[in-house]
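Two complexes are shown next, each including subunit A; its partner changes from subunit B in the first to subunit C in the second.
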Partner chain A sequence: MTPNLKKKLIALVTFLGGLYFFLVYVIPIPDEQLVLGFPFSTVHEQMIFAVQVVGIMAIGLGLINIFQVHGGRILYLRKDWLNSAALIAGLCITMFVQVQDLITTERTVQAWKQFSLLSQFVSAIAEESQSTSIAETRLLALDEKLQGIGRKLNQERHLLSVASHEAFGTPPAAAFKGDLERVEVQLASLLEAVRTAPDLQNLKPQFVELSTQLRVVGSSAQKVVTINSKGNTWKNLSRVIQEGFFVPLGASMFALLAFYIAGAAYRAFRVRTLEAGLMMLAALIVILGQIPQGAAYISEDLPGIRKWLLDNISTPAFRAISFGAAIAGLAMAVRMWLSLERSPLEVDEKSTRDMRSAKE
Partner chain B sequence: MNHATPVEIALMILLVGPILICIYNASRGQPIFIRRISGIDAIDEAVGRAVELGRPMSFTSGLTGVGPLLFSCLGVLKYIGRKAARFNSKILVPSNDPEALALTDATLQNAYRAENRLSNYDPTSVRFLSSDQFAFASGYMGLIQRENVASAFLFGSYAAESLILAEAGHQIGAVQIAATVSPEQIPFFIASCDYTLIGEELYAAGAFLSEDTVQRGSLRGQDVSKLLLFLLMFVGTTIATISSFRSNEIKQGQSLELSKLFSMKWGEVLK
Partner chain C sequence: MSQRRYALDFLDRLDQRIIYLFVALAVGIPLISGYSLPPTRMSTAQAFFDQIEKLSSTKDKLVLISADWGPGGVAENRPQTEVAVEHLLRRRIPFAMISTYALATPFLESVPREVIARIELEEPQQKWTYGVDWVNLGYRPNGFLMIQGLAKSQDLHKVLEVDANGLQMGDIPLMAKVRTIRDVGLFIQITGLVGVLNSWIQYFQTQDYRPPFVHGCTSITIPEAYNFFASSQIVGLFEGVAGAASYELLLNSAFPNRKPGEAVRNNTSIAVAQMLIIALIILGNVGSMTRWLTDRLRPSEPLS
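Up next is the complex of A and B:
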């Protein structure tokens, strides 16, 4: 692809992307409006996902960069290679533990999801029973569906009983057992009713009841699996990395700010010029107005003066900066959207020509 | 989903219109005066200092994600990168956002290519440190102190880590030029850096350094838009002041009418 064609293609894609989001913002399209056969809200959601996917792919670039920078240093034992080794080791360990933790969490979610799916399935059967005429073949199909739910329930119980050693004897485990038994009783009576008195319309309340009970048992199952996952080694390791290392280290960095603010304030408030003097005076009033001692020992007007300074001097200045930056950002966005200016990412054609001629 | 009301669209046209007109005039050759900003002039001095001392320089866009602000920062990076390539000086670009990392890398490569020094480009110059704010700050501190940078450029959007980054540079005696659109961080940069570009000056820096007529025209247009915005504020303030002299009932009614005007939907306008 020639640089010129590439440039035009990038400009076209940028324009179309910008046009889509601009039109979405200015044209009040109803969420339920069909676009390409789908509701507009679904289409827009997919567009947002597509943008997010591109962003997530960039995380891979970050990882590659880390391995490129630090991997080379370790391989050739360059200066500070031990620091790089510690970084790579920490990265790999954290990634491994987090993935294992993610798998455990996913199982917790799945436990609830399975029952939720079953509940929706039963609701659908209940709806069908209202809208269709009773026929022998449909009753057989219904019977099969109910038996299928029974088998699924057994699978779920097996899955949970295998993993339930941590939750054994706890109230959520007892509740889960009770809920599961109630569902099984309800299911058995429904099966019996379908086989003996096949009046589907009369059975609707029982189907609705079963659907509700399945949702309840799903909630109990989630609690049991959550308790089980607390005893999970990966979950604990993940917690140690997060709460034992990452959070305290971040807090330590944040705590450094207190010392740095003191140092910076000392330099900023040395009264060398008229502006520095005014700033020092304003800061003094704001500090004294903020603390109760200022009003108690110096002047009762200090909190009022402090508020006046913040509302009438500081806030307008902040707003002026924000307005200026917002308009400049808007101008930049328009220039980017319409590809009006030379992008810093654009390859300099003159230098490319120079390089080609130098090669020739 | 939120959509723009007719008044918001009118306001958008009012603000964007002068910018496009001024860009058009500038591209037709209309001369545009732009006042000098000492922080932008100091970029060359800072680069020169790093070259003379034989020490590296650093450039970071802080917590800036992909967007118009990042592209403004990249304009400045390209300028500094070209100088670094020309004088064979080392430049370090620590990054916080993986998406921005890819764009930063491409910009720096282009800067070296523009100076016909692509073979001198070090792919490890652009470094991804961490997406976490304080982990990034910690990585930045370590990097610039180990490498003993002579000049540090902090352009972009910053939060609580701004002072940590600026103080790290101050401790090693680096010449620091900061530019941010985050109003809360400006005092920290003013206290710790040698030069600070405030708010929109960051966007102006790219236009100033690139000498691109489109960007210069856009700068003039922004000033016209700001003037219009100021007039709107003046009108609003006058109405509010006059209505404050009237009775409470009229005041409430007027404010309701005004707020209704801004929140009026398309259906109501077409009626």
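Up next is the complex of A and C:
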């Protein structure tokens, strides 16, 4: 694709995307109705998903970028290559552990999610089966599925082992087994009733009961797998990365601000003009009005004066600044929408041209 | 050339590390010793409290909490989230945690669980259950587009699909009656980031419905939040950790058996640090004024 065509295509997609989100925001759209021949309300959810997909692609681009920039630095042992190595190692370890954790979570979720689907299946049998024979066939399929789950659970006894050691109340594993047995009894009785009943109308309460019981089994299964997953190595490693590294390091970075602010306040906040004096006075009142010592030891009126300052001085000024910034933002948005702003691709093209001419 | 000497010369030459040491002591001592001062009562926190008190606990409406803060907001936003969650739990008002900020993910689960563990110790006869009393909807990417999607959706179950643990919306009892934005009785937004509240205010509404908004911000974003409070776009506000501490006083009065939380202690610690900053500003200015006065009063020394 030629650069010119690429540029035009990007400008077109940007314009159409901007137009869509502009229209969907400003035009009142009644549900399920066409506006200018376009079903906005129907497609909007899909549009949101599409944008999410594009966002996810950006993560991939970010990864490629990091590997290109820092990978090169490590390979050629350029300046600060150790920092780059730490970044890449941290990234790879975190990604690997998180993916393993995700796979484990998905497996545990699947272990109990099937009961929820079966519960919906029972409701669908009651609603949609036109005759008792169709309902019977479907219930037999359900029975077969439940027996399959039972066999699988017998093979994977470790799923139930840890949970059996719960100290309080009914052990979740025992509760799960009991609930599953109750479902099997209910299903057998419903099958018997379906075979003899003339129609399904009178059997609806039994269907509802079976559907509810399947949800109960799903809930018991969830407790079992949740307890079992607590001992999972990947889950524990993921927790160590998040709670042991990520959160404390992030909080520490932010906490450093307090030290810098104190240092800066001491060195730089000098009252040299009337304006600076007024600003300092306002800052003192606002701080003292907010902290306990202000009202307790200086004046009980300080919180009131602080509020007055915020309501009547700070808010109007801040609002004026916000309006100005919003108008500037709007102008910028229109320029971007109409592709009047310089494209980021132009930088790439220019740098490629520069590199080529330098080589020549 | 001889260096001119001033009476309070040491103030100008004060080592940065001494200032850092004072800050560490000012923040650390109240936290370690447990020393706390009663916080200032705030009308904004009272308004927040009244909004939650107004809600009915019939479980037909949900409170949506958007906790858009990460590790950097632990000191101020975490106590705010804790007191709001505690109030909802004590009043048995169902709520859902959500976030548009990826770094908030671990806190969406840990904050309610820790609050529940604490209040279950205080009231052993009471139990709070996941899925019945609260739910974690997790981190949702794509900022305002996601918010717009939530607001416009005719079936939130389809948009949200599953909670943070992979549980389907249909399997969560709490979400059974929650289908559209109209089922959100109150919206709580807590953040220290600039612009996030703007996005929620702009997009989390339909033509004919907008849930009441309450907000928690860090101390540096109070001026931005006041904009919206003054215009009644938000009807309750936590002004930094001081707001959360003030809220604790209200919770203590409403629930007399309640044990004090961390907000008051954090507030005392930050207040001591703020007093230190005031003292440092004054000291710095005294040093500079002494230099100015000395220069004015003493005739200039001849150049050697």
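Here is the rule we use: the second predicted complex is superposed on the first by the 256 of 360 C-alpha atoms of A that agree within 3 Å, B and C clash if a C-alpha of one lies under 4 Å from a C-alpha of the other, contacts with A are read in each partner's own complex, and residues count from 1 in each chain.
The rule is short, and it goes like this: contacts are C-beta pairs under 8 Å (C-beta built on N, C-alpha and C of every residue); 3 or more make two chains touch, one makes a residue touch a chain.
Quick caveat: nothing in here was measured; it's all calculated off a predicted structure.
K.L.:
After the superposition on A, what does A:23 contact: first (subunit B), second (subunit C), both or neither?
P.N.:
A:23 contacts neither subunit B nor subunit C.
K.L.:
After lining up the shared chain so the two structures overlap, which partner does A:9 touch, if you call subunit B first and subunit C second: first, second, both or neither?
P.N.:
It touches nothing on subunit B or subunit C.
K.L.:
Determine, under the contact definition given at the top, whether A:263 touches first (subunit B), second (subunit C), both, or neither.
P.N.:
both
K.L.:
After superposition on the shared chain, which partner residues are touched by A:303: those of subunit B (first), subunit C (second), both, or neither?
P.N.:
second
K.L.:
Just to be sure I read the superposition right, which of the two partners does A:86 touch: subunit B = first, subunit C = second, or both, or neither?
P.N.:
neither
K.L.:
Quick check for you: in the superposed arrangement, does A:254 touch first (subunit B), second (subunit C), both or neither?
P.N.:
both
K.L.:
Just checking: does A:311 make contact with subunit B only, subunit C only, both, or neither of them? Give me first, second, both or neither.
P.N.:
In the superposition, A:311 contacts subunit C only.
K.L.:
A:188 contacts which: subunit B (first), subunit C (second), both, neither?
P.N.:
A:188 sits against neither subunit B nor subunit C.
K.L.:
For A:103, select first, second, both or neither according to whether it touches subunit B, subunit C, the two together, or no partner.
P.N.:
neither
K.L.:
Residues on subunit A in contact with subunit B in one complex and with subunit C in the other?
P.N.:
Residues common to the subunit A contacts of subunit C and of subunit B are 25, 28, 31, 41, 44, 55, 246, 249-250, 253-254, 261, 263, 265, 267, 318, 322, listed in rising order.
K.L.:
So in the complex, the part of subunit A that touches subunit C is made up of which residues?
P.N.:
The contact residues of subunit A facing subunit C are 25, 28, 31, 41, 44-45, 48, 51-52, 55-56, 105-106, 109, 113, 116, 120, 215, 218, 222, 242-243, 246-251, 253-255, 258-259, 261-263, 265-267, 269-271, 280, 284, 287-296, 303, 307, 310-311, 314-315, 318-319, 322.
K.L.:
In the complex formed with subunit A, which residues of subunit C make contact?
P.N.:
Those in contact with subunit A are residues 14, 16, 19-20, 22-24, 27, 37-43, 70-75, 103, 106, 141-142, 145-146, 148-149, 152-154, 158-159, 165-168, 170-171, 207, 219, 222-224, 226-227, 230, 239-240, 242, 267-268, 270-271, 273-278, 280-281, 283-285, 288.
K.L.:
Can you list the subunit A residues touching subunit B in their complex?
P.N.:
24-29, 31, 41, 44, 54-55, 58-62, 65-66, 68-69, 72, 80, 246, 249-250, 253-254, 256-257, 260-261, 263-265, 267-268, 317-318, 321-325, 327-336, 340-348, 350-352, 354-355, 358
K.L.:
In their complex, what parts of subunit B are in touch with subunit A?
P.N.:
Residue list for subunit B touching subunit A: 1-4, 9, 15-16, 19-20, 23, 66-69, 71-72, 74-75, 77-78, 97-99, 101-103, 106-107, 110, 113-116, 118, 123-124, 126-128, 131-135, 137-138, 146, 160-161, 163-164, 166-167, 181, 183-184, 186-188, 190-192, 198-200, 202-204, 206, 210, 212, 214-215, 218, 221-222, 225-226, 229, 265-266.
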